[in-house]
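Dumping the structure here so I can ask a few things about it.
Should a chain be cited, it is by its letter among A, B, C and D, assigned in written order, with residues numbered from 1 in that chain.
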Amino acid sequence: MISFDLTDDQKHLHDRVRGFIQEKIIPLEEPGLPRQIDDAFRQELIALAKDAGLLSPHVPKAFGGMGLNHVDMSIAFMAAGYSLLGPVAMNCAAPDEGNMNLLYKVATDEQKERWLRPLAAGDARSCFAMTEPAPGAGSDPSLMQTTYRKDGNEFVISGRKWLITGAHGAGFAIIMARPESGEEGAATMFFADMDTAGIEIVRDVATVDRTFTGGHAEVEFKDVRVPESAILGEEGQGFRYAQVRLAPARLTHCMRWWGAAKRCHDIATDYARTRMAFGKSLMEHEGVGFLTADNEIDLHLSQLSIWHTAWTLDQGKRAGRESSLAKVACSEALDRVADRSQQILGGMGVSHDTVVAQIATEMRGFRIYDGPSEVHRWSLARRLARG
Amino acid sequence: MISFDLTDDQKHLHDRVRGFIQEKIIPLEEPGLPRQIDDAFRQELIALAKDAGLLSPHVPKAFGGMGLNHVDMSIAFMAAGYSLLGPVAMNCAAPDEGNMNLLYKVATDEQKERWLRPLAAGDARSCFAMTEPAPGAGSDPSLMQTTYRKDGNEFVISGRKWLITGAHGAGFAIIMARPESGEEGAATMFFADMDTAGIEIVRDVATVDRTFTGGHAEVEFKDVRVPESAILGEEGQGFRYAQVRLAPARLTHCMRWWGAAKRCHDIATDYARTRMAFGKSLMEHEGVGFLTADNEIDLHLSQLSIWHTAWTLDQGKRAGRESSLAKVACSEALDRVADRSQQILGGMGVSHDTVVAQIATEMRGFRIYDGPSEVHRWSLARRLARG
Amino acid sequence: MISFDLTDDQKHLHDRVRGFIQEKIIPLEEPGLPRQIDDAFRQELIALAKDAGLLSPHVPKAFGGMGLNHVDMSIAFMAAGYSLLGPVAMNCAAPDEGNMNLLYKVATDEQKERWLRPLAAGDARSCFAMTEPAPGAGSDPSLMQTTYRKDGNEFVISGRKWLITGAHGAGFAIIMARPESGEEGAATMFFADMDTAGIEIVRDVATVDRTFTGGHAEVEFKDVRVPESAILGEEGQGFRYAQVRLAPARLTHCMRWWGAAKRCHDIATDYARTRMAFGKSLMEHEGVGFLTADNEIDLHLSQLSIWHTAWTLDQGKRAGRESSLAKVACSEALDRVADRSQQILGGMGVSHDTVVAQIATEMRGFRIYDGPSEVHRWSLARRLARG
Amino acid sequence: MISFDLTDDQKHLHDRVRGFIQEKIIPLEEPGLPRQIDDAFRQELIALAKDAGLLSPHVPKAFGGMGLNHVDMSIAFMAAGYSLLGPVAMNCAAPDEGNMNLLYKVATDEQKERWLRPLAAGDARSCFAMTEPAPGAGSDPSLMQTTYRKDGNEFVISGRKWLITGAHGAGFAIIMARPESGEEGAATMFFADMDTAGIEIVRDVATVDRTFTGGHAEVEFKDVRVPESAILGEEGQGFRYAQVRLAPARLTHCMRWWGAAKRCHDIATDYARTRMAFGKSLMEHEGVGFLTADNEIDLHLSQLSIWHTAWTLDQGKRAGRESSLAKVACSEALDRVADRSQQILGGMGVSHDTVVAQIATEMRGFRIYDGPSEVHRWSLARRLARG
């Protein structure tokens, strides 16, 4: 039966996360030019969430998380995103959040103990090494250049990855590679400790965001040797697993950025209520009032889309169409919200006197990563073409 | 608990309406230049819905309707709107649908017997006489020029109304007027048979739509005398009742037009799947595929917004904010869907070889009536300003 | 040297056309539901322009026209478009205007005397038979199904054309056909009197517009025999000639519709200046003021784009890129102008109490005919891809 | 006579600037996280332009500039903007460029020698101290809080200014203040050396841009004493002078950002031509091709609008309407170009591996400074309201 009622538990969850962000996290936001989050600061944040009992909401309780389903995650993540530091503190930021989800679904029990448990506890970080520089795998993963070959009991991986989020400081990587002499369309995921011989961080890739712990790097894999046990799941299933990871990962981006966009809207609205111009508050100008109304519309529809997709996942469905649709709709709507908020703030909107400028700038990637809008539109069209 | 599950009853309702529209109504659509629906054709359509047990879904069973709540209405109306003739057949088109709702909520038992029962049965039609020519009441109802005065046991109403939908052929009018010497902000609603002395249809107002039975008219009220019992509800409560009528009325427009937009999308998609250009089907062109993807997004978000507002009304809330938001969002989104569908159809999209051109043309009013987008955006901003 | 100065002759031309439209043509516009323009009304209009010395601005003086270059045409056509009847009166409406241009550039002297002269004088009308029903030639002309074969001294044409504007009442058709057994990419244009045996108007295709004299028809060509002299230009050059016709034809659409959009803007602005709502004129509401500002921007940029393309054509260049660009930009911008004007007018904007509703409805085709926006965007991208 | 022909001199000017930017300036762009331009780097850049004879294109030759009119400036500035360092090198970046223009038009000969000459030579920098923190002067200059009073032969200025571009390192400020006890609407501009007692840079205001030499600062003026000769122009004319400064200043922003947007488009197009995805180059995907087509349209219309406004200024007109229109249209169009370019580049679009991310991020302010879009839309509407 169609319902939009939050249960008492959900309301309580919402209030707990909201209170945590307001009281513990927002005071840690520093004014001025945003700085790259490093591991020391991350550990400080993680400790706060652990104290508050809000670590790893998406991870099953058996592994130390809160064991939330997707709808409950949406409540927690949307509230967490209200500060860019929130998801870092609660250990539910990309790429770790998606990696934990992938490991829980695909890894063996032994692998879960070794790789998932420390991630879930916030003690370690991981990176997901899939994207490659041109002419390798980008939006089109079939172009993958990184290869592996069997050599005795080991696999030997060679290739170059790019824009690898969090590689600096990560404990391990999940590396996607295709067999050196293999058929097209087959790829395999491997675990590798980041200090394995042959793994080298070639350079930092400077980007417009600062909130991903460790930033983004270009990483070279030169004859990296891993044992048979390092295969995640089954050999040749890499692309399928990437999808397993991506559908919910897209959605959790929507959740976190929803919170950040809401923050922008609230800051802009507060400003518009008090800032005077031409004889009345900005808010009393239709030109500004309409911007806030459009923000309300975009936030509301994005929320409904997130809830619907989360609910679909909770029904045990893959939600490929729903998550593609939510990704396009939310990434574009929330970007508009941030942009309008900057506009309302005027000169302050491009300064770092509020977090709005940072959120607006960092959110730009959201329309690109985990499938740019164009890829998701095409995916929706292909589904429709099939009827 | 958040849920998007349709109950079995809802699925059954959906299938019944869908089947009715496909089998009984769509075959009656005539190709070519759209013609104004007249009362004879309306009666033919009404008879079909009566046979199918699908008359007046929104009216309580006690008055002969199906007694649906708002969520169930959304299911029935969205399916009905798939043909522009559907809501006429099922007796849930504007303005009668909104009038029935108003009467049920505000009229006395006696008034309900006299005015509501024949409406609900589809035997009579009504019109809602509120909008006036400049400088009278339009988006701003406080400019109302039509007045009434007490004369013995009677009220005497004078004024001119404009764009009165369905006045031609209506059995009665609900007339909004303000006291001749009264305070601002007070207005009263009166019933009057259309053949009451002093009521004259001055002219037909030609418009871009053809689907409102009886079209739209300019109506003069010259010393129209009605008894005390003709007051709908209480004297002086007219503006409040207008709001009672409008919040759900806005939403039912969204529901009906959703169905019409879905029809456009389906026709355009079918065409795109088979029409070849430049070596492949239109659908295989990204330029067209993206248009269909955007249609999917707009339809999906509109549906969620409709469901959410309907559910809010079913909780017994006024849903003023929700229905304003849904009105802006749906009217603009569904208009885009119709427009993109025309574009996909190419030359056929501006011909009447399909119903898409008619739907796209008629839907233009939806962004204007029952509050233009600008009024609803301002309403959303005012609520936000109050915090 | 970059200049936007109108010469005195250009100012005079502008004032003459503007005065003609205001004094002679606008008074002939009938209120109410728009009716199809027929040949009798057209002749009445033509006579007025002839009297005013404003017939066929685009035709060389040797053939009885005004002999204007493209920039001067832009001045005349933009002023003419201020009434939908203007271009009909001045004999510069589609498809005749484009056909005259094509004939002047490609036809033999003899053909010009026979076919062009009566067109230019406004005595005859013509149609351009290129578009076909699916699966024939639409946006992709290479799909053409209509064929011709040589039979002695004659050519025999067979096929079916669709959406043929002005076929009803036309004196002759220019028919595009490909050789029955010919190579792909070759097509030929033929003249044929409309009363030639084998030409049959199968049906009227009802569309959203009313202003094209004779409407649009589906026409069958059943073994239509024409002499060798009926070939326009050279055999096999049909597609090239279509391009010769199209680049300026696209631009003249922009000119005419610019005038119509300006009319909408002026009507809406006048209304907004006087109509009161919520204590001030509509124009004093930012929500409405911004709409008029956006209209000003769209009209201004469209005008510059038209002038630039016209100037490019006057330099003797083909202006393929410029006219594609202007077609996309103007068709979308002017459509927005008409749409915003409707919105400002509120309920009146969807009524036929002003011409705005008709203009907005009819303009919809402009984004589709002579190449839909998608085809022109792709054309721009292809040019860019070539570098 | 309408013309879009560049003279040979203009073509030569274009080629000179273009060559300078390509050969001397672009090689100095550093990859990676953008750094604030400081005075040392600025002097290095200035020296290059001086060598190339391209310093201060907008300044009359008598003061050491190139003495270009506005149309020629548009050619030089648009080419200069192709690198964010270009306008800095050519000494035509904001705020100095606008300040020089203001000084040339309003200052006395003596003031020009003292303040303009070193600016024009690139030896000094200046700042324009008008904007104030809330509740002071922002979009609405009438809210100005900074005051001055006469004290003997001196004026004493007190107040706080905010977002003062280039204050760090500037030789002098132009300070806008209103009389302490004066009538509303009157304000005066004063010169003051930045080392005058009482001027204190309170803090740096971190912003999203890095290209304004010296960044932006909050500056306190505490009983700052200046002589009578420090009044720029006449007392009480400050707001009028601000308009004198602003109309062309808005336009030169359009010119510079046009070049930057063109750079984005070129980088994205080059990438799209070679980067493969799903079996063909990105450019061969309609989804990407359409983005590049829209870039072409936006760049073309912006160029026409810039030329038209520049030409209007060259006719000796104030071009208030034209420059407002160009500001709204260009700032929004060029922002879209930068945004689409990021999207085409995918992950690279949010990295600093190209300058696109920086340009897109920095350009955000362009829709805000020198009048946000809302203020210019309202200004256009007010002009229209007056008829």
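The rule is short, and it goes like this: a contact is a pair of C-beta atoms (placed from the backbone, for glycine too) under 8 Å apart; a residue touches a chain by one contact, two chains touch by 3 or more.
Being a predicted model, the structure only gives us computed values, none of them experimental.
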Set of chains whose contacts include both subunit D and subunit C: A, B
Higher-contact pair (C-beta pairs counted), A-C versus A-B: A-B
Numbering shared by both copies at the subunit C-subunit B contact, with half separating same from different: same
Subunit B-subunit C separation of Cα centroids, rounded to whole Å: 37
Where subunit A and subunit C are represented by their mean Cα positions, the distance between them in whole Å: 51
Interchain centroid distance [CA atoms averaged], subunit A/subunit B, Å: 42
Subunit C: positions in contact with at least two other chains: 285-288, 290, 374, 377-378
Residue numbers on subunit A that touch subunit C, as the complex places them: 285-287, 290
Touch list for subunit A against partner subunit B, complex: 1-7, 10, 71, 269, 273, 281, 283-284, 286, 288-290, 292-294, 296-297, 300-301, 304-305, 307-308, 311-312, 325, 328-329, 374, 376-378, 380-382, 384-385, 387
Of all residues in subunit C, those that touch subunit B in their complex: 31-33, 131, 134-135, 138-140, 142-143, 162-163, 205-209, 216, 274-278, 285, 287-288, 342-343, 346-347, 349-353, 357, 360-361, 364-365, 367-369, 372-374, 377-378
